[in-house]
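Lettered A, B, C and D in written order, each chain numbered from 1.
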Amino acid sequence: MKVVLDPVHGYIELDNLAQDLLSTPQMQRLRRVKQLGFSNLVYPGANHTRFEHSLGAMHLASVLTRSLDSIEEDRKIEVKAATLLHDVGHGPLSHVTENIIDKYTRRRHDDVKEILGKGEIKEVLSKHGISPGNLVKHIKGETSVGQILSSEIDVDRMDYLVRDAHYTGVAFGVVDYNRLINQMDFYEDRLVVNYGGLKAAESLLVSRFWMNTSVYYHHVTRISEAMCSKAVEYMIENKELDPLRLRQMDDIDLIAAMRNATGYAGELSRLLDARKLYKRALYVGLADTGKSVLRHRDRIRRVEKEIADMAGVEDEYVLVDIPKMPEMLEMRAMIKTDHKLIPLNEASHFVSILQEAHMDNWRMGVYSPKEHCEAVGKAARDYFDIKKSLKQFKLSDL
Amino acid sequence: MKVVLDPVHGYIELDNLAQDLLSTPQMQRLRRVKQLGFSNLVYPGANHTRFEHSLGAMHLASVLTRSLDSIEEDRKIEVKAATLLHDVGHGPLSHVTENIIDKYTRRRHDDVKEILGKGEIKEVLSKHGISPGNLVKHIKGETSVGQILSSEIDVDRMDYLVRDAHYTGVAFGVVDYNRLINQMDFYEDRLVVNYGGLKAAESLLVSRFWMNTSVYYHHVTRISEAMCSKAVEYMIENKELDPLRLRQMDDIDLIAAMRNATGYAGELSRLLDARKLYKRALYVGLADTGKSVLRHRDRIRRVEKEIADMAGVEDEYVLVDIPKMPEMLEMRAMIKTDHKLIPLNEASHFVSILQEAHMDNWRMGVYSPKEHCEAVGKAARDYFDIKKSLKQFKLSDL
Amino acid sequence: MKVVLDPVHGYIELDNLAQDLLSTPQMQRLRRVKQLGFSNLVYPGANHTRFEHSLGAMHLASVLTRSLDSIEEDRKIEVKAATLLHDVGHGPLSHVTENIIDKYTRRRHDDVKEILGKGEIKEVLSKHGISPGNLVKHIKGETSVGQILSSEIDVDRMDYLVRDAHYTGVAFGVVDYNRLINQMDFYEDRLVVNYGGLKAAESLLVSRFWMNTSVYYHHVTRISEAMCSKAVEYMIENKELDPLRLRQMDDIDLIAAMRNATGYAGELSRLLDARKLYKRALYVGLADTGKSVLRHRDRIRRVEKEIADMAGVEDEYVLVDIPKMPEMLEMRAMIKTDHKLIPLNEASHFVSILQEAHMDNWRMGVYSPKEHCEAVGKAARDYFDIKKSLKQFKLSDL
Amino acid sequence: MKVVLDPVHGYIELDNLAQDLLSTPQMQRLRRVKQLGFSNLVYPGANHTRFEHSLGAMHLASVLTRSLDSIEEDRKIEVKAATLLHDVGHGPLSHVTENIIDKYTRRRHDDVKEILGKGEIKEVLSKHGISPGNLVKHIKGETSVGQILSSEIDVDRMDYLVRDAHYTGVAFGVVDYNRLINQMDFYEDRLVVNYGGLKAAESLLVSRFWMNTSVYYHHVTRISEAMCSKAVEYMIENKELDPLRLRQMDDIDLIAAMRNATGYAGELSRLLDARKLYKRALYVGLADTGKSVLRHRDRIRRVEKEIADMAGVEDEYVLVDIPKMPEMLEMRAMIKTDHKLIPLNEASHFVSILQEAHMDNWRMGVYSPKEHCEAVGKAARDYFDIKKSLKQFKLSDL
């Protein structure tokens, strides 16, 4: 039994299986994949990696399974291994490349069948008598015990909310996870939170809400990620980057490739390195756009071109960013009372209103170099038929 | 310049005036007045005192006034002194005795005219050329600069929210007070928060909401305080305690007096020492009672007698506890934008919904020794005409 | 299983036995016994109690025993109960009254045979089938498992070092206790630290050193405690206080009694309440006094009288305070390597030099009201034949 | 005035000058230069960068200069700018490349004359009327005010000790820097610590000692850095890397170049990526080697070759690592008493013994792939004429 020191959880114990898995190049790669992509352009401390998050999540899985008597020992070992491996399918810069990898390879970050089924990881699992197939299902949350690492209220999100708060310095990322874990149990094959953990579950939702508005949806991060995504797509379209290879890269590989890229991708890379970012030509909420704007999500590149034409600028100078409707999956976690299971947002009035407030944080953005912002902004307003912003105040502008 | 070490704010600087004021017996008494009365029966760490809170609030006033260029130097000195003295009028166990002292002496804890106008404090103020009358007004929030220590978003509540969280161990008492103070300013004689401090102001509201439900409204604390209040009233009615003297006591004086008291007051004292508390015979929210229940607030002792009669138990075994409607005064803090001032609950959708959720936390309680709970509960239900509890879940029951 | 929230360790689990023990008046009394006596006169946050320390130490005992496979289940239950009860014999204000109670009743704070063998505690232990006699031995550290709570490196000191640092705000009270506990084990009936825990053990020593100089030996605390001790002795000698009863008092009882005391004891009580403390007439280290000064430790009252006579002041105005040679018991903890056991101060060069530095912190003091300091200081110098202070700098003067 | 959130110091204010300097590509590069090189292979959280350290040090310089009335306003502005820029001359991976850059370019990381005297930084300084030449001198500590950022007890080391502790999770990196800064002042052109800050200065030394043994001298870090250094030297010797260009690279540039390198350098790169590190063939302290071993420091590559020949392995498989004698520069900080200045290690007995203990941590190492460790270890022992290790225990082995 070895230990490793984690700034968030303190000493984390590593058994032989964990040590062997951590020694594979696939897991070592995660040392060089930033957890939060470009968030360090806003929060300079946010340089933490998928590697430490994987350790932290495994630690929480270990604490949680220890108190779940109904799970057999073999399943506990699998769940811990699955948690350690759950992010091994992330591409460079984590979520920045996720949609592109999905678009070109049809693999989400939790599609890890290929990765677990070959090479060093396969060997380690085989040595310890563990079925890669079971782990794949756990990681996708397709099994009962898989809910521990992939469900509405899993150890994955407990760790990343607390960890992201620690490294950004955002005070409210505090989750009362010790209490929460203490109050979790299986009930008829469902991972639930006892009523005594209701307040701890609420604390998770407060964290989620706060981290969304302060960090995950911060407009500077969104702009940087839109710039990087577009550069990567250019490289793929220009055959300068193989999407299957992309998924196996670390941040160093990707950024080095962007620096070497020709044309527009190389230019974007230099802008990102120098933090000379595009600005918001348009940044408006649902009250301004209506829900119909979401229909454009499948044809972003087309929309960008049309707005660029209207504004009389080159296509490259328009980035359109239409996120999905915000959801806080955690709201559907099940709370167990003496009699029955109740979804968190019904058990807690407080959570139900957080949900409502959360819709308020959605923004669509159109970004452009500063010198084109006025023209592009005007064109985008016309294109989306937006009169003028209805709201004076925008939380995400802070 | 001396310094004193505070677990919450670190080193706090004490100038000569602060040192002199702290040396008076009136301020030294606050070392022996618990900040949170009986909350330590729920949170064992909550033994902190009005003395350290006074130091902490003065520290924040000092940080805030330093950056307010529009205030003249003499006013800054007054504000810091007023903040240090603002709780000198608290009776033993803080809020536990507040209503009783008010009832029998017509003095609220911020009526400090008598205290500042005589004895050692008067001498110190005179030595430093400070007018007691000005301080009295600042403490009541009747002056412009007085808003710093007594208004919707003052240093008093910033300190106690953070401090109470530190000593109870409740994670969510985090207030981003450095940011908040950094964004506060005077605007046309009004202490306001710049728009850039909106999120920090929201963090104050989250803390307030969380501390209310977890700590300030905890039913065990409410029961203990109801027991203590009733004992103190008995002692006053029996001429065993002089209400004017009560206000000058510290916790030791009061508890020693209760232990020496005859009859029912002495009995309650022994129950409190042994933490053998009354239980909830009834504990219901507004949905069950309707707002009309509030009319009983002025005749509690009468109601207790009537319920006791209906239940066939002695008067002493019924405690009725009907709090005021909950309010979060902080919601009316003013946010300043380029154009105008807007109340916090209009500037922030999030805060407006917190307000709504907060009403949900109101409970009225009827408490009784365990063996009488069933009879008293039934009588109380009849008395208040409450069918059966409408809600399955009660946040404050946790 | 209930939980209670502790600011230091987070949620602490309470099984039925712990709940029952905590419900006894003997344990409830500890809620009103300050852990650090008068240290709050220096560190305003230091109002924590023996009650929370007992909870914290039990928590650590629970974590430690969980990983010790060699101990049978019944012993683990006993050790946890013994740890919860280990301070039940402390008199009011903890160490302040310890020597006096010992002098007049021949009972140290860990002589708990009487307390466990009668009343509510006896009933609870009997109900749970636990022998009071075994617990008494564990608490004195006379059994093998008793080392967990009473030995060179026990959970008692782990908890109080960390807890006292938390409440005073002293940064260096950090002990890496998770690592330390993780590396502790029994080896041939001896509780030892594996070599892998050497650095964690060193961290305990750094804490100990730092807390000694910053908190435990602070001269303001020592003066206050000397004043209180003398007042209590006066009361005992004047038959105003029964030493057997003293041991069962809480802080409130004692301070209320002092306030009611006649003569000099009452006067000292008023000085302590107003924090009008005696000053240092003499405060010198071993280099100045030589070790021979220790022979006076058994005749302090006599020495005080003689110095008072020489100075021409009343006996009451001279307090002599000669502590034992400082020791850091933790240095004799055993470190286990592959081959053998080695005492900590031999295994670690760093610890061996801390020991040397620690001797440097010893001071003897003679205290007196400010107006008599010069005369008393001169007399004390003559009495102890001290030329002039050899050292310019005194760590404990800071 | 903008603010940026730092996990260590909270909100840091950025004036216009700081904003402009931060916008230069030279400062943005520091976002991609890890503060602690390969320490993240031991402490997974240690991914922080020179960028945030520069912000933090500037913040402390700002706090310190605010209270130094004797410094004129222009000098304060210079000192803050110099502190922000003080690490702009660091090569990739910070100290890992420092000696190599020095060897091939004769530029230490604080030789920043070229960097400040051209390009964007020059423009910004010119715009704000600041002389690059003055900043260069401040950064080298050659001016009086330069002591603030470069002396025995400067804001540089205050920030990095605390920051490195925060990101590694090492508990004892706590420095009481608020107290320390509060007690610093100029005295006859010398930056000194008032006697009242002695304990805070001691806390800095404890941190230094602890961080040295736990982090800075950790053998895994030393091995990784030795491997990387050798790879970089190979690349320079093979004309695959230009040493002048090296200094301007970020971590991404360097690691991408190593991955593309031919031969042995490329091989070392792959070992580092996979964390397949060389092991210690020899690791011994001064007691074993004597001081004469230091004479080999100038001919390391020669020694490696000779040992390799003796062991019959290729040159590449022997890495020799002989550090300088350890020193804790902080010990020579000046403490000011009423009468005079005294070096810290004379004012504090505790510090003087820390110094002694610190020598004990020096180790020389010979590293080799695991399979050659026995042969290389034997050869190295013969080469350096080391009988067998004298000490059973080695702190740095933990």
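The rule is short, and it goes like this: a contact is a pair of C-beta atoms (placed from the backbone, for glycine too) under 8 Å apart; a residue touches a chain by one contact, two chains touch by 3 or more.
Quantities reported herein were computed from a predicted structural model and do not represent experimental measurements.
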Inquiry  = Applying the document's contact definition, name the chain pair with more C-beta pairs in contact, A-B or B-D.
reply    = A-B
Request  = Specify the chain most distant from chain D by Cα centroid.
outcome  = B
Note = Chain-centre distance (mean CA atoms) for chain A and chain B, in whole Å, is 42
Task = List the centre-to-centre spacing of chain A and chain D in whole Å, with centres computed as mean CA coordinates.
result = 34
Key: Distance from the mean Cα position of chain D to that of chain B, given in whole angstrom   = 50
Query = If you look at chain C, which of its residues touch at least two other chains?
reply = 10
Key: Parts of chain C lying in touch with chain A, wherever the complex brings them together   = 3, 10-11, 13, 178-179, 182
Ask   = Any idea which chain A residues touch chain B in the complex?
value = 171-172, 174-176, 195-196, 198-199, 203, 206, 209-210, 213-214, 337, 347-350, 353-354, 356-357, 360, 392-393, 395, 398
Query = For the complex, which residues does chain C have touching chain B?
reply = 4-8, 10, 23, 25, 28-29, 31-32, 40-41, 43-45, 47-49, 51-52, 55, 166-170, 251-253, 255-256, 259, 273-275
